[in-house]
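The structures come next, written out as structure tokens.
Two complexes come next, and they have one chain in common, subunit A, joined by subunit B in the first and subunit C in the second.
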Partner chain A sequence: MVIAIGFEGSANKLGIGIVKDGEVLSNCRRTYITPPGEGFLPKETAIHHRQNVLQVLREAIDKSGVKVSDIDVVCYTKGPGMGAPLATVAIVARTVAQIWNKPLLGVNHCIGHIEMGRLITGAKNPIVLYVSGGNTQVIAYSKKRYRIFGETIDIAVGNCLDRFARIIKLSNDPSPGYNIEQLAKKGEKYALLPYCVKGMDVSFSGILTYMEERIESLLKDGYTEADLCYSLQETVFAMLVETTERALAHCEATEVLIVGGVGCNERLQAMMHQMCVERDAKLFATDERFCIDNGVMIAHAGAEMFNSGTRMKWEDCFITQRYRTDEVETTWRED
Partner chain B sequence: MEDFKLIKQGAESKLFKGRYLGVPALVKDRFKKAYRHSTLDDTLMKERIKAEVRAILKCKSVGIRTPTLYLVDLHRRSIYMEYFPHSVTAKEFIFNANESLIEILSVYIGKLLGKMHANNIVHGDLTTSNILISNKKKIDIFYETFDNLELILIDFGLSHTESTVEDKAVDLYVLERAILSTHTTTCNIFTLILNGYKAENKSCIEVFNKLEEVRARGRKRTMVG
Partner chain C sequence: MTEESLLTINIEIPFPSNRTAELAYHVLRVDAEPKKTIQKEVTHKEHLLIVKFQGSSSKQLRVAVNSVFENIILINETLDAFGDSISETYTHFT
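On to the complex of A and B.
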């Protein structure tokens, strides 16, 4: 039996969660929300995490009902992510690990998403679409690694959506992506936007530039903001579904798992579901509790590593902004 | 289309096998994708059928073997083309052949791509599933010698004509990653492909330098959040 606590703070979400053998005991989170038209910057985000981390830690421990002495391993996000917020949370994890005298494990953020998704949905060996504000990857597992099949060659899909929300001054509360999704439901008129798929890879910067440059004339031409949200979603999600289907066909896989913050978008889920039905595959997705960055995913992935014998030396418990999904050997997977 | 039998559902199309005007034919049907907005779907379908036809013809004119086209029908969203009954994909070939045959194949693939790029054709979706190996003697023997085998390039839906090194380098990068995620052999397939490429492409140095840059782009991306 392993009880693990996980600390996550690689972007604007601060999360701490506790798991016991795959059972979620607590999952606490705070989000740093910026005013409309503005994104979150490393310094301010780090300050937000610093101001909230101890309170969230107290909450997570109280809610879980476990005693600190029962915790077996302390896990934190080693990367990828923004430097200052990562460091802020890592310092807290390092400190409590020393105070409680527990082993410390640094976890790859992307692996956290994937393992959490597999745990919650029960997907066995899926093609993973990992979509968030900082990442867009199509991943297939093969021989002890999560291999990146396709990815964005410039900005992440979530970043494209967030920045479009800033162009039309949508609220960042609870998240820009959520507000685009709601507004898109009212959209009717489809505007043809640049569509950029290169083999397995996708590109979003061209669409964003197109929107930035033409927003005034599009609005003048009779497209509403809702129409543009709708068109943007239809276009970028079609690109994601297409590349996922490519990987599915190439690997002859039968399962798709969507993880990451953009993964809780119901329109993306519906489109992916339709594609899966057409080719007899099964779709697995989770809701905002687990899609959006959280501490539980770090705790769970860390527990898997711990169980399979992974230990980290103190001097290896640093943070890194660049940490690719395929750098981690998945010691916990037998297949 | 009555006698045509579905043989495969790829990511973008359904493949049917049958006879057309008395010869074995393959129909590639870019069926409507329900998940995609119909305006977008129609636009992409037309773009890709046109791209595919153009590239297949252009390849033929420079001596790269591609399927012969029989009929192109934008209304029915399909292309009728030559079917290769005695063929396997390079993917299957690499799974089943011995190392020395795989080495020969890799160099041949490289030569083919070198020639294609020298003529400014960018494939856009190079994988080992998109290269066929056919036996010219019309028999199903592939794994003994390479003498009677020929390479056929297929699936040009994402192709375009491009003279800059950027897109050629990305083309090779897509193939490299597809190979890494599909094949584990003792010989380095991709290095051998680049060797073959060199032989057929005079501007290979520029393309290879660009390839280094494209590779670095992937690794250096910060992937925040």
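On to the complex of A and C.
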């Protein structure tokens, strides 16, 4: 039996969660929300995490009902992500690991998402579409690694959506992506946007620039903001479904799992579901509690690592802004 | 760059106990300075945490010192909130 606590703070979400053998005991989170038209920057995000981390930690421990002496391993996000927020949260993880005399494990953020998705949905060996504000990857498992089949060659899909929300001054509360999704439901008229699939890779920065440059004229031409949200979603999600479908066909897989913050978008899930039905595959997705960055995913992935014998040297418990999914050997997977 | 042009800042922070100073040392020693032009050396002696900074740019030095102070404050707040009984040794360095 393993009880693990996980600390996550690689972007604007601060999350701490506790799991016991895959059972979620607590999952506490605070989000740093910026005013409409503004994104979150590393320094201010780190200050937000510093101001909230101890309160969230107290909450996570109290809600879980476990005694700290029963915790087996302290896990934190080692990367990838923004340096200052990552470092802030890692400081607290290193401090409490020593106070409680518990082993410390640095977890790859992407691996956290994948393992959390597999745990919650029960997907066995899915093609993973990992879509968030910082990452866009199509992933398949093979021989002890999560291999990246395709990815964005510039900005992440969530970054494209977030920045479009800033252009039209949508609220960042609860998240820009959620507000785009709601507004898109009222959209009817499709505006033709660039469609940028390059083999297995995708590109979003050109679509964003296209929007930035033409927003005034598109609005004058009779497109509403809702129409543009709708058009943007349809275009970028179609690109993601296309690349995921190709990976699915190539690997002859039967499961698709969507993880990451953009993964709770129901329109993306619906489009992916349609593709899965046509290919006799099964779609797995989760809701915002586990899709959006959280501490539990770090705790769970860390517990899997710990269980399979992974230990980390103290010298290695730093943070790193760049940390690719395929750098991690998945010691816990036997297939 | 000649040795003369290097600026040095030494700080000594007293902690409530030798153990907490040692704990803070282990927390801080693993993070490398983001700027390669700044050298940071962390040590501890009895109840003192000692940090030595070296670099040629005073602006970069100030940023590095501020960042260490911020981190020490966070460590202290964590100790205040969760350090009722601090393990006397840490047995998982491997």
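Heads up, the rule we're going with is that the second predicted complex is superposed on the first by the 335 of 335 C-alpha atoms of A that agree within 3 Å, B and C clash if a C-alpha of one lies under 4 Å from a C-alpha of the other, contacts with A are read in each partner's own complex, and residues count from 1 in each chain.
Basically, a residue touches a chain if its C-beta (ideal position, glycine included) is under 8 Å from a C-beta of that chain, and two chains touch if they have at least 3 such contacts.
What you are looking at is a predicted structure, and each value in this text was computed from that prediction instead of being measured.
With the C-alpha superposition on subunit A as described, subunit C and subunit B fit side by side in the combined arrangement. The partner that reaches more residues of subunit A, of the two candidates subunit B and subunit C, is B.
Of the two partner chains placed by superposition, only subunit C is touched by A:V96; subunit B is not.
Shared-chain residue A:T330: touches no atom of subunit B or subunit C.
Angle at the C-alpha centre of subunit A formed with the centres of subunit B and subunit C, after superposition on chain A: 120°, rounded to the nearest 10. Contacts of A:T31 after superposition: neither subunit B nor subunit C is touched. When both complexes are overlaid on chain A, the residue A:M275 reaches subunit B alone and has no touch with subunit C.
Looking at the shared chain after the overlay, A:D293 reaches subunit B, while subunit C stays out of its contact range. Taking all C-alpha atoms of subunit B against all those of subunit C in the superposed arrangement, the shortest distance found is 15 Å. Taken together, the subunit C residues at the contact with subunit A in this complex read 23-24, 26-27, 30-32, 34, 70-71, 74-75, 77-79, 81-83, 86-87, 89-94. Per the touch definition, subunit A reaches subunit C in the complex via residues 50, 53-54, 57-58, 68, 83, 87-88, 90-92, 94-104, 311-319. Contacts from subunit A toward subunit B in the complex involve residues 10-12, 80-82, 109-110, 132-135, 140, 142-143, 147-151, 153, 156, 158, 190, 192, 195, 197-201, 234-235, 238, 241-242, 245-246, 248-251, 261, 270-272, 274-275, 278-279, 293, 321-324. Across the complex, subunit B meets subunit A through its residues 9-12, 33-37, 39-40, 43-44, 124-127, 129, 158, 170-171, 174, 177-178, 180-182, 184, 217-225.
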